[in-house]
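Following are the structures in question.
Consider the two complexes below, in which chain A is the common component and chain B and chain C are the respective partners.
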Partner chain A sequence: MILYDYVLSARCYKVRLMAALLGAPLTLQAVNFHPGREHKSPEMLVLNPNGTLPILKDGDTVLTDSADILRHLTSDHPEWRSADDDTWLAFASNLNDSLGLARLHDVIGYAADIDTARTAGVTALRKLEAHLTEQRFDDLIFLTGKAPTIADIACFPNTALAPDGGVSLDPYPSVRLWMRAIRSLPGFIEMPGIHRLHELAHPA
Partner chain B sequence: MSAAIDNHWYPVAMISGIDAPRETLLLGKKIKLGREDGICWVKDASGTPLPTVERFGHLWTSPGQPNRDLFTIPEADSPGRRLVDVGSVKVKCSPLRAVENFLDIAHFPFVHTDILGAEPHTEVDRYDVKIREEVDEVWATKVKFFQPQAAKSAAGGITTEYMYRVPAPTCSVLYKTCPPRPGEWDIITLFVQPLTDEWCEVWPWMALYDDDSTMSEMVSFQQLIFMQDRSILENQLPRKLPLDPGMEVPTQADMTSVAYRRWLKKIGYTYGAQLVAA
Partner chain C sequence: MNWIAVGLAKDVPPGVVIPSRIEDTEMAIWCTPSGRYHAWSDRCPHRGMRLSHGFVRGETLACIYHGWQYNQTGSCDYIPAHPKLTPPDTICVPTYTCVEEGGVIWVSLNSVDDPLPVLGARVPVRSVPVSLSAKDVAAHFGAAGFTTIAVVSDYDTLLAVQPCTDTMCVLHVLAAPDADRKEVSRWVEDLRTTLEGVPA
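Right, the complex of A and B next:
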């Protein structure tokens, strides 16, 4: 499988993280999204006429939607799926359009109504916090149950990267515990802005 | 603003990225820049042209009257090097904090884990630092550090040798062991545009010997490294760089930073800095 990848993209990271957690080998093809705008080059538009990333190529299959890619990667892994995933995959899209947009604005100067993006991001984070708090009352740490599913992997990146876009995660303790649970998963990989757990996790 | 701050050259754009005229900030003031017939221009808010230099793939300007040319990097001109425009990243931190972070080695194992450093190889050996009065630059030499993946071109862990140079208050040049060509230095720079005293746009640029990696891979590698620093930089306190000792206690590993702060104080460069009230 080849992932056309941009190292700072939250959506590309979803795919890298999912593959790492599954132990699925992934060949990364670096795309110069910024400053090169290589995702809009003629070669890339042949692969994906929408000119977006990520793009996953698995044999003859080409997928360009990160939710579809997560479903594809876990098609033989029912333990990573739940009946509630679709709701959260849609929610992940909201996170991308709010927190994700604020981040691109603040980091690489994307045009955006920054106040609207941040306000929508905070609204989404409050929903996430409320849900995860309810889950914790039932001893469930992840979005859909006791074990992580593609719902968690879809929602994690733009949430964890919220501070990059000027949105603090301080007011959301349940969200922070959930993020810590994800960062503790065997095979977890980091991306810039999301640091791994160091030895603090296991004091000698 | 004082001449000690205005009379420097500052990066304001990547030349290859200038299409339509656009506005940006320099030292808290609006400027406008663009390119006509292949020549770049910069104007201040009142429309007065500012001096320009096109060098290292970037456009440089000054709100004052620089009394010397923009620094050069003669080694970057040697044939066979690939010149990498990394693009810019905006960071809410003092421009001086951004430069100081670039000069620091001790954070590698913790922030750039398994790339520029790894536990338990955390010790920074003694190195040499001096302010070279004759050229008015800060230099750190004989810096050595174990790195799991020193560059995109590195196949495995190596002890990397570094030299750091601060040729201007908001710029730093790093000379670093070149994995495929021992004996040559890779050149990695950090050009910082002070948007305000607590907000900057950072333009990394590189001149590397690397015949294997694609340009996209080299850009990705450097953006990965810098974005790992960004979240740390945005959380540093105090937000302005303290130039007087007392606020922060340096260790031996911080000798470059100590010299940098001392030099900034000596040349009166206080934009993005804080001084202890007398």
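Right, the complex of A and C next:
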């Protein structure tokens, strides 16, 4: 499988993270998204007429929607799926269009109504916090249950990167514990702005 | 202003550090593996990094930047780049009085001996940020102070109010032990909508 990838893209990171958690080998093909706009080049538009990233090429299959890619990667992994995933994959789009847009505005100068994007981001974070709080009342830490699914992987990156777009995560304890649970998963990988848990030994 | 709630114990389990603030005082709130809570100035004395980005390692808090480790009194006792050095006592983090009582983490910036707020039999439910100052929230309920405000509801609710900025406070919500926590959680969401909808 080849992932046409941009290291700072939250949506590309979803794919890299999912593959890493599954232990699925992924060949990364770096695309100069910024400042090169290589994703809009003629060669890339042949692969994806929409001119977006990520693009996953698996044999003859080409997928360009991160939710579709998560479903594809986990097609033989029912443990990473739940009946409620679709709701949260849609919510992940909402996060991308609010927190994700605010981040692209701040980090690489995307045109955006920044106040509107941040306000929508806070509204989304409040919904996420309310849901995760109710999950915790039932002793569940992930979005759809006791175990993580593609719902969590889809929602995690733009949430964790919210501070890059000027939206604080400080007042959301359930979101924080949820992110900590994801960062604790075996095989978890980082991206710039999302660090792993440092469980280094205390000096003797 | 004496005891101020800065979080709920269940939201800061052992081994976790979080950022918090009381007005202009930024703090790292953390819990040791043995369950002791600490509230420290949120700046590493070395390079000023927020300690709340750091990690609890054993009974110490380590800065994420260069790994300097601070023991429970706030003194630096290990610098990874100089493993044989015993750091001087002058390298220490300002600490604040911090106790956990009734499932709530309380901080006193002026270290008074005042008794803690009375919670009755109530138990913590959740913490909710509100885009209003603590004074505006207190005024809404006609309360004189804002440390704790009892609010009439079906759940015997009590709000422990944490003043953060002119446009933000956090409500730490407690309720009767037999109250349905999901109902209380939705009640406080509605309360926030009401509070934020009232013109200043």
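Please note the rule applied: the second predicted complex is superposed on the first by the 199 of 204 C-alpha atoms of A that agree within 3 Å, B and C clash if a C-alpha of one lies under 4 Å from a C-alpha of the other, contacts with A are read in each partner's own complex, and residues count from 1 in each chain.
Here is the rule we use: a residue touches a chain if its C-beta (ideal position, glycine included) is under 8 Å from a C-beta of that chain, and two chains touch if they have at least 3 such contacts.
What you are looking at is a predicted structure, and each value in this text was computed from that prediction instead of being measured.
**Student:** For A:V7 in the superposed arrangement: first (chain B), second (chain C), both or neither?
**Tutor:** First partner only, chain B.
**Student:** I'd like to know which partner A:H198 touches here: chain B for first, chain C for second, both or neither.
**Tutor:** both
**Student:** After superposition on the shared chain, which partner residues are touched by A:A30: those of chain B (first), chain C (second), both, or neither?
**Tutor:** Only chain B; A:A30 stays clear of chain C.
**Student:** One more residue to check, A:L45. First (chain B), second (chain C), both or neither?
**Tutor:** Once the two structures are laid over each other on A, A:L45 reaches no partner at all.
**Student:** Is A:R180 touching the first partner chain B, the second partner chain C, both, or neither of them?
**Tutor:** After superposition on chain A, A:R180 lies in contact with chain C alone.
**Student:** Scan A:D170 for contacts with chain B and chain C and give back first, second, both or neither.
**Tutor:** Only chain C; A:D170 stays clear of chain B.
**Student:** Does chain B (first) or chain C (second) touch A:T133, or do both, or does neither?
**Tutor:** second
**Student:** Per the definitions at the top, what is the overlap between the chain A residues touching chain B and those touching chain C?
**Tutor:** The overlap between the chain B and chain C interfaces on chain A comprises residues 195, 198-199.
**Student:** So in the complex, the part of chain A that touches chain C is made up of which residues?
**Tutor:** Against chain C, the touching part of chain A is residues 126, 130, 133-134, 137, 170-174, 176-177, 180, 195, 197-200, 202-203.
**Student:** What does chain B use to touch chain A in their complex?
**Tutor:** 14, 16-17, 85-90, 92, 110-111, 113, 119, 214-217, 219-221, 223-228, 230-231, 234
**Student:** Give every residue of chain C touching chain A within the complex, in rising order.
**Tutor:** 7-8, 11-13, 16, 18-20, 55, 57-58, 60, 62, 64, 67, 69, 78, 83, 126-127, 129, 168, 170, 181-182, 185-186, 189
**Student:** So in the complex, the part of chain A that touches chain B is made up of which residues?
**Tutor:** Chain A residues touching chain B: 6-8, 30-32, 34-36, 38, 106-109, 163-164, 166, 190, 192-193, 195-196, 198-199.
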